[in-house]
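Heads up, the next two complexes both have chain A, just with different partners, chain B and then chain C.
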Partner chain A sequence: MIGEYFSGLAHDIEGKLAAEPGAASARKIFALEVARLGVRLYSPGRPVAWCGVLAPFDLLNAVGVTSCFAEFVGAMLAGMGAASAPLEGAEQAGYAADTCAYHRAVVGAAMQGMMPVPDFLVATTTPCTGGLAAIENLARLFRRDLLVLQIPRAETEAGVRFLAGQLERLARFAAGRAGAQLDPQCVAAAVDLSNVTRALMVEIYDLARRVPSPVSNRDLANFGIVVPLLMGTQAGVDVARATRDELAARARDGKSGVPGERFRLLWVQNRIQFPNPLLRLLEDEYRAVIVVDELNDVTWEPIDPADPFPGMARRAIGLPLNGPAERRVARLRQLATEYRVDGIIQPCHWGCRQGTGIRGLVQRGFQELGIPVLNLEVDCIDARSFSEGQLRTRLEAFLELIAGRPRVRA
Partner chain B sequence: MVRGMTDRALVGFACAYTPLPLLDAAGFVPWRILPVGDAPDQAGHLLHDNLCPHVKRILDRAMAADLPPLAGIVFMSSCDAMRRLPDAWRVARPHDRLALVDLPVSTADDAVEYFAAELRALAGTLAEWHGSPVPDERLVEAMRRYDGLAASAAELRARLARAELPGGAAALQAALNDVTTGGWEAASRGWLAGPDPLRVLDRRPSASFAAGEETVDSRLSTLNALPVSGVPVFVFGNVLPDPEAFALFESCGARVVADDLCTGARVLASLAPAADADPYVRLARGLLGRSPCARTIDPAHPGRAATLVLDAARACGARGVVAHVAKFCDPYLARLPAIREALRDAGLPLLVLEGDCTRRSLGQQRTRIEAFVEMLERR
Partner chain C sequence: MRFLGIDVGSLSCDAALLDERGELLAATVVPTGARNREAIARAKDEVLRAAGVSAEDVTAVVSTGYGRDRVEGRRAAVTEITCHARGIQALLPGTRLLVDIGGQDSKAVRFDAQGGVADFAMNDKCAAGTGRFLEAMARALEVDVSALGELDRDGSDGATLSSMCTVFAESEVVSLIADGVAVGAIVRGLHRAIASRTLAMIKRIVPDPSGLPVAMSGGVAHNAGVVRALSAALGCEVRVPPRPDIVGAFGAALIARERFG
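This part shows the complex of A and B:
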């Protein structure tokens, strides 16, 4: 089902772009590359690896392995409005409803034959304990080799060495599965592409910071979490370049992403993945724009193509989701200040001990800055308990609160 | 320096992977912060309600100052919830000294080496707290002492399995709690040497943090009165520190013959003898190599938690298995389906109890436990 969805989507977008090349918006190019990745995942051919969120996708791309974090399937199913069946399947099999629905959806999808059997799996210890367990469960269900990347909590010398060693072993293993020896030239070429994509992402986020911001609420939804899947490929560069160009053109023409931008918001962690009216409500009724998502951020330095593993290790270790909450909250506060936001939306995704776990600490961090936080008790994947009315009421109250306050950016 | 009921200062800990011999070698008495007591529920101000109650109860105690004076607290990064604990602690009690040790999830050689580096860094921190360095010989000696304690604990467990331990699993749990909440030194001097091996302590609990708590002696005498008969069961999961919980199982007709709990068998488990010359590597390998919490995995055997539970249940001759899982505990919740499947295939019945670390939550399960035991008796 998901495989057909991806091929249908890719086919549609390709058709539209061929018929009308001028209509190639950045978001369409992004959607096309995501669909193509989906097609590769669901077609026999290259080896496939289901991974944890922090796997080095550029490295896996470099050695010829199609790879993706498993939560992507949960998000896709939710986006298609089709997550209920796998969620129910997982729950019936004993997976507790108190765990993260990304993982329940994925395990349910695997049990219901909706996920391609991978050649191997790569779990990562960050961002969450649940993610590690989900990949272990997939490895058990699929009876496939499991590798684990243990991501140290701090950037110590021993930590970087530990992770760099694991990355190098992963590269050799994955190359072997793709039927080749590890070729440093190929890895270096992929790292070069990653560095170009990274530089473009920096430009994109710089543009988004402008007042008014050229981004709309949809332009960069899931961008920072999905683009890493395309890292190390020309497709990643193309998506990032198209996005940069489109935002730069809007900024040049003085166009804002949300006409008449009134409120600027920061979104913490993941977006709600199933169809819901929130973004429309924000834009149409309040002219409020999510100028920054926490996950739309570049927190790593360019990687040395000649010695890629330590740089890749630092990239993972330095991610604010890794390490102490203090560091993460500090980064969130920095983003809020740099983007001059008026308010924070924090979806407290049920089952997430990572983001939702520190809800109170995030709230305190912003209280000190005088920026209001809206804690939305919502499951980002599982629409079964979603209440539009409740969401609307909370959102209205929050935006009215912001409207009545002196503006930070003034 | 802060001192407790011994002349050595206490250092708090909350996870069974904590390197207790290192705390000992650094001149401290390890003091486990158990999720017990009546501290008001305040942790929700800092952490979300969906976090495991083990962590939240500990934070409640910290916020209510229901702790003895501690020279510092050592946390392990065992799971998301445990990582959140120091995050929140720093906000709740900004003046406490905290150390967070990164705990690998597997026992691979490079993970052992990295963990050893973490332990060495912890030794540096403990030396700062104490004001004196931790010589390697002292660590070697502390590991030897620790293994003596572990051997005593193993002996008690063996007696429990043979139904020869007065007071059964409840008394053993009380003794384990005593060793890890201040009775360390007394126990180190010879746990099994005295006339009653379950009387670990030669002191009364210190007053400030245990107000209202029964003395260990009276608690033990109550527990000793309990019968030790019933259907043999194996209990596994995360935290179950309350001796009354085991008394409850026994009063329902079950006899707990063995456990694999982070407040039970895993807390004073022997460090596997390793040949490494470096004591930190030996300690790291020993800690990672013990019977694992579900948060530790073996990449070569995905789903190994299920095999381990099945093997342990068979080895102790249990006729049924009880899983005690704190609510919202991802490491265990995620592995339960595989464990259930393995036990079902082996024909071993499983009872899953989800708890919130309160006596009340377990008490509410009495009927289910009784029904489970009846079912086992009929088989």
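This part shows the complex of A and C:
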């Protein structure tokens, strides 16, 4: 079902772009490349790896392995409105209904034959142990080799060396599974492309910071979490360049993503993945724009193509979701200040110990800056728990609160 | 000029009509039932009739509550947080913390020194501790929900209830009755449990509420037992306006007057 969905989506977009090449929006190009990735994942004969979110996708792309983080499947199913059956399947098999629905959906999908059998799996010990457990479950279900990347919590030289060594071993292992020797030149070429994509992402986020912002609530939804899957490929560069060009043109023409921008918001962690009217409500009725998502961020330096593993290690270790909450809160405060936001929306995804566990610290961090925070109790994947009226009231009340108070934008 | 506020809640539909000076001319509370459009029409008719005012004389209507988008002819729809806040500041000026417990949700609103909304919190995920919860418990106790406040006075040693899930709490209440626990003690236990849950919600926005001027609105504020339990939990007096169930509609009418008068 999912493979057919990706094939159909890619076919539709390719047809539209062929018929009208000038109408290629950046978001459409993004959707096309995601669909093509999906097609590759579901096509037989190609080496495939299911991974944790901090796996080095550019490295895996460089050695010819199509790879994807498992949560992507949960998000896709939710976006298609098809997550209920795998969620119920996982629950019937004994997975507690109050665990993360990203992971429940992907385990249920695997049990119901909705995921391709991978050649191997790569788990990461951060950012969440739920993700690690989900990949371990998949490895057992598929009876395939599992590699676990032990990611240190702090960026020390010893920690970087430790992870860099694991990454090099992963590269040799993955290349072997793809039927080749590890070729440093291929890795260097992929790293070059990654660095170009990274630089474009920096430009994109700089543009989003402008007042008014050229981004709408959909332009960069899931951007920073999905683009890493295309890192190390020309497709990644193309998506980032198209996005940069579109936002730059809007900024040059003085157009804002949400006409008459009134409120600027920061969205913490993941978006709600199933179709819902809340983003439209924000834009149409309140002219409120999510100018920054926590996950739309570049927190790593360019990687040395001649010596890629330490740079890749630093990229994973330095992610603010890894390590102590203090570091994450500090980065969130920095984003709120840089983007000059009026308020924070913190969807406390049910079952996410990583997210809800520190919500009080996040809230206090913003309150010290005088920026109001809305904690939304919501499951970002499981639409069965969605109560539109309740969320709508909370969102609207929050925007009324912001409207009634003096601006504290930095 | 006349200004109408309509609060369409899950249990009741409330209307308040003001004159051009902001004085309350009439107010009413009707059950929402299954068809909220009928309840809206009835509340509107009742309040206009009581004030001797025709619909044409109403300058503006502002709606609030979960059914706020169902009110035809409204000039604006405003959330119940803002409306209750506006209403309580007019009725009990100087309030710094408002607790509103309605039919299916509860909320706490913190005010700044000027009476503006500084922060708010609402119940999460379920309706435990709200009007619906008390209705279910009254049914299990075979008493009228309006009698709970008075019954609470007889419960010198409140019973302990371990669950706030409406279904489990109902079973627990039935078990307590079977064990011979006095109805008054059970009711007091229920009220204490509601106060404890409400206090947890309050502390999300006011870590130390002691000493703050606190007010309560919503239909549950008619229950003197809940008000007493909340006062005890907070360690301060909780003030209740004369008609706590129309505070949202009253606030909506005040907003109509301010914006469209």
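Structure notes:
To be clear about the criterion, the second predicted complex is superposed on the first by the 409 of 410 C-alpha atoms of A that agree within 3 Å, B and C clash if a C-alpha of one lies under 4 Å from a C-alpha of the other, contacts with A are read in each partner's own complex, and residues count from 1 in each chain.
The working rule: a residue touches a chain if its C-beta (ideal position, glycine included) is under 8 Å from a C-beta of that chain, and two chains touch if they have at least 3 such contacts.
Predicted, not measured: the structure shown is a model, and the values here were computed from it.
When the two complexes are overlaid on chain A, chain B and chain C sit side by side with no clash. In the superposition on chain A, contact is made by A:Pro372 with chain C only, not with chain B. Of the two partner chains, chain C is the only one that A:Arg405 touches; chain B does not reach it.
By the touch criterion defined above, A:Ala397 lies against chain C but remains apart from chain B after alignment on the C-alpha atoms of chain A.
Residue contacts after overlaying the shared chain place A:Phe386 against neither chain B nor chain C. Measured by the number of chain A residues touched, the leading partner among chain B and chain C is B. By the document's definition of touching, of the two partners only chain B reaches A:Glu326; chain C does not.
Using the contact criterion defined above for the overlaid structures, shared-chain residue A:Leu361 touches chain B, although it does not reach chain C. Smallest inter-chain Cα distance, chain B versus chain C, after superposition on the shared chain: 6 Å. Those residues of chain A that touch chain B in the complex are listed here as 93-96, 98-100, 103, 123, 125, 128-130, 132-134, 136-137, 139-140, 146-148, 150, 152-154, 156, 158-159, 162, 165-166, 324-326, 348, 350-354, 356-361, 364. The residues of chain B lying in touch with chain A in their complex are 44-48, 50-52, 77, 79-81, 83-84, 86-88, 90-91, 100, 102, 104-106, 110-111, 113-114, 117-118, 121, 294-295, 297, 299-300, 302-303, 327-328, 330-331, 333-338, 340. Every residue of chain C that touches chain A in the complex is listed here, in rising order: 66, 78-82, 105, 112, 116-120, 122, 124-125. Within the complex, the chain A residues that touch chain C are 372, 377, 389-390, 393-394, 396-397, 400-401, 404-405.
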